[in-house]
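The structure under discussion is supplied below as structure tokens; questions concerning it will follow.
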Amino acid sequence: MFYFDPKLQYEVRVDTPDPRFARLLQQAIGGVEGEIRVCLQYLFQAFGARGPARYRQMLLSTGTEEMAHIEMLATAVALNLEGAPGHLQDEAARTNPVVAAVMGGMDPRQYLSAGMAALAADANGVPFNGSHVYASGNLVADMYANVTAEATGRALACRLFELTDDPGMRDMLRFLIARDTMHQQQWLAVIEELGGHTATLPIPNSFPVEEEHRDVSYDFVFTGVSGVEPPAGRFTQGPSLDGLGTFRLVPAEPQGQEPQLAPPAPQAYAQTQQQLSDSDERQIL
Amino acid sequence: MFYFDPKLQYEVRVDTPDPRFARLLQQAIGGVEGEIRVCLQYLFQAFGARGPARYRQMLLSTGTEEMAHIEMLATAVALNLEGAPGHLQDEAARTNPVVAAVMGGMDPRQYLSAGMAALAADANGVPFNGSHVYASGNLVADMYANVTAEATGRALACRLFELTDDPGMRDMLRFLIARDTMHQQQWLAVIEELGGHTATLPIPNSFPVEEEHRDVSYDFVFTGVSGVEPPAGRFTQGPSLDGLGTFRLVPAEPQGQEPQLAPPAPQAYAQTQQQLSDSDERQIL
Amino acid sequence: MFYFDPKLQYEVRVDTPDPRFARLLQQAIGGVEGEIRVCLQYLFQAFGARGPARYRQMLLSTGTEEMAHIEMLATAVALNLEGAPGHLQDEAARTNPVVAAVMGGMDPRQYLSAGMAALAADANGVPFNGSHVYASGNLVADMYANVTAEATGRALACRLFELTDDPGMRDMLRFLIARDTMHQQQWLAVIEELGGHTATLPIPNSFPVEEEHRDVSYDFVFTGVSGVEPPAGRFTQGPSLDGLGTFRLVPAEPQGQEPQLAPPAPQAYAQTQQQLSDSDERQIL
Amino acid sequence: MFYFDPKLQYEVRVDTPDPRFARLLQQAIGGVEGEIRVCLQYLFQAFGARGPARYRQMLLSTGTEEMAHIEMLATAVALNLEGAPGHLQDEAARTNPVVAAVMGGMDPRQYLSAGMAALAADANGVPFNGSHVYASGNLVADMYANVTAEATGRALACRLFELTDDPGMRDMLRFLIARDTMHQQQWLAVIEELGGHTATLPIPNSFPVEEEHRDVSYDFVFTGVSGVEPPAGRFTQGPSLDGLGTFRLVPAEPQGQEPQLAPPAPQAYAQTQQQLSDSDERQIL
Amino acid sequence: MFYFDPKLQYEVRVDTPDPRFARLLQQAIGGVEGEIRVCLQYLFQAFGARGPARYRQMLLSTGTEEMAHIEMLATAVALNLEGAPGHLQDEAARTNPVVAAVMGGMDPRQYLSAGMAALAADANGVPFNGSHVYASGNLVADMYANVTAEATGRALACRLFELTDDPGMRDMLRFLIARDTMHQQQWLAVIEELGGHTATLPIPNSFPVEEEHRDVSYDFVFTGVSGVEPPAGRFTQGPSLDGLGTFRLVPAEPQGQEPQLAPPAPQAYAQTQQQLSDSDERQIL
Amino acid sequence: MFYFDPKLQYEVRVDTPDPRFARLLQQAIGGVEGEIRVCLQYLFQAFGARGPARYRQMLLSTGTEEMAHIEMLATAVALNLEGAPGHLQDEAARTNPVVAAVMGGMDPRQYLSAGMAALAADANGVPFNGSHVYASGNLVADMYANVTAEATGRALACRLFELTDDPGMRDMLRFLIARDTMHQQQWLAVIEELGGHTATLPIPNSFPVEEEHRDVSYDFVFTGVSGVEPPAGRFTQGPSLDGLGTFRLVPAEPQGQEPQLAPPAPQAYAQTQQQLSDSDERQIL
């Protein structure tokens, strides 16, 4: 179960409120790279964790930390929506600053739906979608999903850093970027302690590899048309990373046949013309 | 641009059609671990690829291969929906086998909406959602996203393998599982050729690390309440994977303050009671 | 069944078309606080109404009225998108006013997809989503859902009122705000005639309260960490609103155990490393 | 910020695992009546709370409690998916119990995507959608949204109670139903301490009522065709609940005109035939 | 504006309630081929109709009829969920028929969320999505969208007809199928009265055809690899349907170049390795 | 299966990059009128094609062409996001051009999520949704769906043409508009070769028309209230387009009864007050 402290994990300060930046921050709250996603992802991985209890504890711990990040970012949104800088307030006799902000790039739903606060949505107002909560039941697959989340999350935070000159906002982002630095490596450290590539690949490593068609397990299949030079790299030559084979470059070609589906079943209510045999059909043309 | 050959990349054969398995295959077509997703993901990464042309070519090649996998799986769905095994056809005088199948676990929309064919949806009929197409503009973040997709995709294919005894379907899955084995390692091989952890972490490695709050960049922040034993592991001690610091275990505590938001702006149309100061409010209670 | 009169329920007049306001009006059409939602919500409650026929009639009546509100708002959108004010038309030789509008804050899909008309979407272009149609089969739960819809709907209309100076648009909004005033009280009046809090709580009141764990039915569980002052209020003391108990303030503490899940089943294809017992795992570290 | 205790708020015990019940429990996790929704809803209301600090604290407290409910339900799902009862295990030589469960009504994605664990989705596998997080910035609108969530949530829990005979599951539901009893009244108690109907209606009460068209503010507009008897009730007569008017029954009739939209603008690329005037058009017919 | 008559447009009678059929009917309510979609589609086309008033009237008329079809189908769902046939009621001492139904193929949310009534969702419980409301501002494009909706809608109704033996349900479907017969031809009749193919193609016909690259306007571009026989048909030869050209068969080949994107901008935070020139990169390999 | 050529189907050139136009192009990539939709739609129709093989080949061919259009548009987005025009670069010392672009109308996620590249989303950032992939199993229904897609797609391309002055972008659009011209007629040509209206209507033509209620199969049901003049047109008179009947104008009137639902079942947990009979209820009022 969970507890709260009303204090924030790190200070959130906005020196010059900017309602347009409030919109951009939404991506870090409800976007696919955002904090609601990692919070729920790590917690659902913990709630379904089977195997060593240590990993459940680690996931609960970081999932709980991410809740504090949602809180920080939602607070940052609320503060950025507050009032308007002095020079705008002077204009307010003639021009309504709320109107100006809504018209000038802020998310209108932060005002219309939330009365000047954050939404559980991304920078375009698309609501958070639970299908991005990856919890596969396979520890290594999940660790890679978590690295992905933290890699795209840190890229997002760096890009947000670029979009603001506000010292308070930059200070908050310096903290969040540093936490993402840790979280990326934390999940990769799990893979390392499980034995790295040779011990964990292919994922899942519990499926007997002899059941798969081993003749194509290390082929880089090149689907370029003839005349196009295939790319060369570590992935076309040398031992495979699982230590069990050798990468090869192989041009694509069909090993299967042209599919032959049965004619439509009567109860599927295709058109009657679809019932023609190909030979009948050829006569008609 | 693109070309097609009407032949399949690998043979798709269904020995005993099973409309319930046709439903389960949908997850591999339109689910988050499915082939539409990886096809579009690799192609969008290629379409937006900046930097060495070699990676664009690699992404185009594998994205194009994944289209062939969508085709194979959609064909497998259509074949599994065809007719019904002989012993059911005998019952058909009394019981409509279509009714039985629709009622007994198949996806009703494969019949109602598609007339016995595949949908661009997952095993629960939830339509494919483009937000799962990760193409971040950062090559290493994308490679980890691709490993995740192939790791969860191979887990899915192994689980589907478990759910069918049909020799044709198992043969097709052996092929697809083998291709996932390759694709996992293909993306990891790119990270290796870029120099591995020390050369690629933290992601993005183009953001100057001195800009982040380095004092928390390698801390495992433990959010358990007092009395709970923190987890120990590679992620709480030893050098960080980027070679730039040392992992530490640090108990969580607030570094920020309790947030103080401004009272509601008049135009936000909060309730008038929200305008009370805390001291006024205390008198009322 | 239903009939139409081509006249509008109330006059819709736009004195100075403003394509940016056309975007904002979308929230009142297809947003969660919007008219498509209440229209379908009241009609679905009517279509499934069990119990006194009077309520079915009331719901049909107001659901049908809401259709007229969708019509008014969609008409308002179309009129706001018409042409451009005179002073812009002079600029049009140099600057295309359509371009200017699309670039300057209007919803581009009102032009790109609808050719200058309304969409079934919200102010950010997110399509209307049927999951917001609450029709629970429980009359009182539904009445509260309806009050919520009209409370957030009236707040939205008031905020839109703030964002326009157009006399026609303000006149239309004055009408819609007044109708929301009525609708809020209409649903609350049903709860009053059913007997108010003591006769309707807890919802559903048909579940025997002795089946629930009565020892926690009136506890305000405080989850703040130690040292944080709990909030006091009507909800921490005095008789409960259903007249059956007394509110109490109780600090949170776990009554359950740490969950122990079984190890992964073989067919779930976890990593082999997840099969280690905790003691084996400890040796490895 | 937040902390966790690895123990559950209340015991979760499954005496006889039932994978079909695991599917139904998903509605209480990721459905519109579910715990992810109330958790995020109360926390976002807290994060954006303006006005008396007491309410922020109350919302943080209960939002944090709801996280523990997500945890309990996700644990219940995982336990219901574990193994199969003894008599099924005997059958397993012939029939794969996983296959049977997936085919017989469980959510296939709990196996295919999660390897036997909970998803952030509803009982039909539709992912949680952030648009259900209502945080309007208006305290009373939010309280009604919260009552709605707890009323539909308690109805859901009662219906789940009906669908299981498992003593452990029923015990957990007795606890959750009791908490919903409290939470319904907790939010209504806030409305009571704010002064009840007369002090809070219409919502928002900060919009000057004289700005709205008061002549229709208390009219039950009856849209039935002539000959249909209008419903009578508290909502058609007597003083309005805000104490400012009197309910009336009024038959619907149009107060507006037939809308006249301008002809299509050239750049909208309507068909040329849409440019005909009505009179030209009449000649053609 | 709109009015209701509490009577249904056509009788809805269920002789033997079948909760599984109640699930299938959802596709005709909230699916992409369903009645909510056509209702809103025709009404939004009417609300935004520019040009001859006659079409606005026609669209309002049929859109209003479709509301009555939603009502009929929602009523059919409610009736199919009522009770259980006699022989099941005898079993009820041992087996709960609600449990049996929920477990045996009905939509669990019709019980869990709606208390035995219809949802605004499809047969898999996916909520209605407003993006299917096509109203393009181009009359002929809209007519084809409407024909599509009625063609897929009638196919759906025929398939539902196949899935029930209930005389009442079949009678209702005979009515709805007949109405779809009319509606398909109604929209095509508009195209006929506008002058048919030569007067309406290409859509939109208000864009000057000389602005498009006329050399490819009638080419069937064949993208099959060499050796694959191209399909022949009306679309590869003879005059084009707009009367302005001649169909041709042309093999696909690239007319464009390999795209050259600029290197990543610094503020996009790609990996530093993406900044390598191709020649530098070649040295490294 | 599929192959790629790294060259584009047609040249994509951007003379003056415009990040705002990059946003608008998204509608043609991931919108309902966009290229991902038609690509998947034609391919899924091909993958499930039953009947003459010729149509499978035609669908594969054009579906493969549409992939090349996604590629062209995604390339156009990336090029429009590149750098900023010279006069902005001069300002860059004071004003960050990225900030300006993100704030001034571009899709922020093209920068935040994609690092200056295209998304699988529409012009409002709403992700592509697989439910728009229509593949009904009925050839003629599918052809009309395809005409709709190409009619709305060409209207979209014409509107985009209006929104740019860039010679390169206009050249690309001239090509795409011409291809849409062909594709519209290609699908209509199939209907012509199948025999046109009389041979294909009603859709599906395999359902025996005598099974439907023929007395309403050609009625234009007018739902206007009395006093409103019904629209006249080809759809109210003359022979039906299928040659089997005659259009008529018929005023709407209910043929069904007021629905009578059973009282709520106990396990549905309605309120106890819903159990009152109407007569009991009348006494209470």
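As written, the chain order gives the labels A, B, C, D, E and F, with residue 1 at the start of each chain.
As a convention for this text, a contact is a pair of C-beta atoms (placed from the backbone, for glycine too) under 8 Å apart; a residue touches a chain by one contact, two chains touch by 3 or more.
Computed from a prediction, not measured in an experiment: that's the story for all the values here.
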Validating interface symmetry: for the copies chain C and chain F, is the fraction of residue numbers used by both over half? Same or different. different
Turning chain C onto chain E by a C-alpha fit takes a rotation, in degrees to the nearest 5, of 180
Centroid distance [mean C-alpha coordinates] between chain D and chain A, Å: 26
As a quick test, compute the distance in whole Å between the mean CA positions of chain B and chain C. 30
Return the residues of chain D touching two or more other chains; collapse runs of consecutive numbers into ranges. 1-9, 32, 47-48, 50, 54, 57, 60-61, 64-65, 68, 75, 78, 96, 98, 104-105, 111, 113, 115-116, 121, 124-127, 129, 131, 136-138, 140, 152, 155, 158-159, 162, 193, 203-204, 207, 223-225, 228, 232-233, 252, 254, 256, 259, 261-262, 264, 267-270, 285
Within the complex, which stretch of chain E touches chain F? 3, 5-12, 32, 54-55, 57-58, 60-62, 64-65, 68, 72, 75, 78-79, 82-83, 96, 98, 111, 115-116, 126, 129, 131-132, 134, 136-138, 140-141, 144-145, 147-148, 150-152, 154-155, 158, 161, 174-175, 177-182, 184-186, 188-190, 192-193, 197, 201-204, 207, 209, 211-225, 228-235, 240-242, 247, 252, 254-259, 261-262, 264-265, 267-270
Within their complex, chain F touches chain D through residues 155, 158-159, 162, 225, 232-233, 267-269, 285
Touching chain B in the complex, chain F uses residues 1-9, 30, 36, 40, 43-44, 47-48, 50, 56-57, 60-61, 64-65, 67-68, 70-71, 74-75, 77-78, 113-121, 127-131, 133, 135-138
For chain E, which residues are in contact with chain B within the complex? 20, 23-24, 27, 31-33, 104-105, 122-126, 152, 155-156, 159-160, 162-163, 223-225, 228, 252, 254, 256, 259, 261-264, 266, 268-276, 278, 281, 285
Please name which positions on chain A make contact with chain C in the complex. 1-6, 47-54, 96, 98-99, 102-105, 107-109, 111-113, 115, 121, 124-127, 137-140, 193-195, 199-200, 203-207
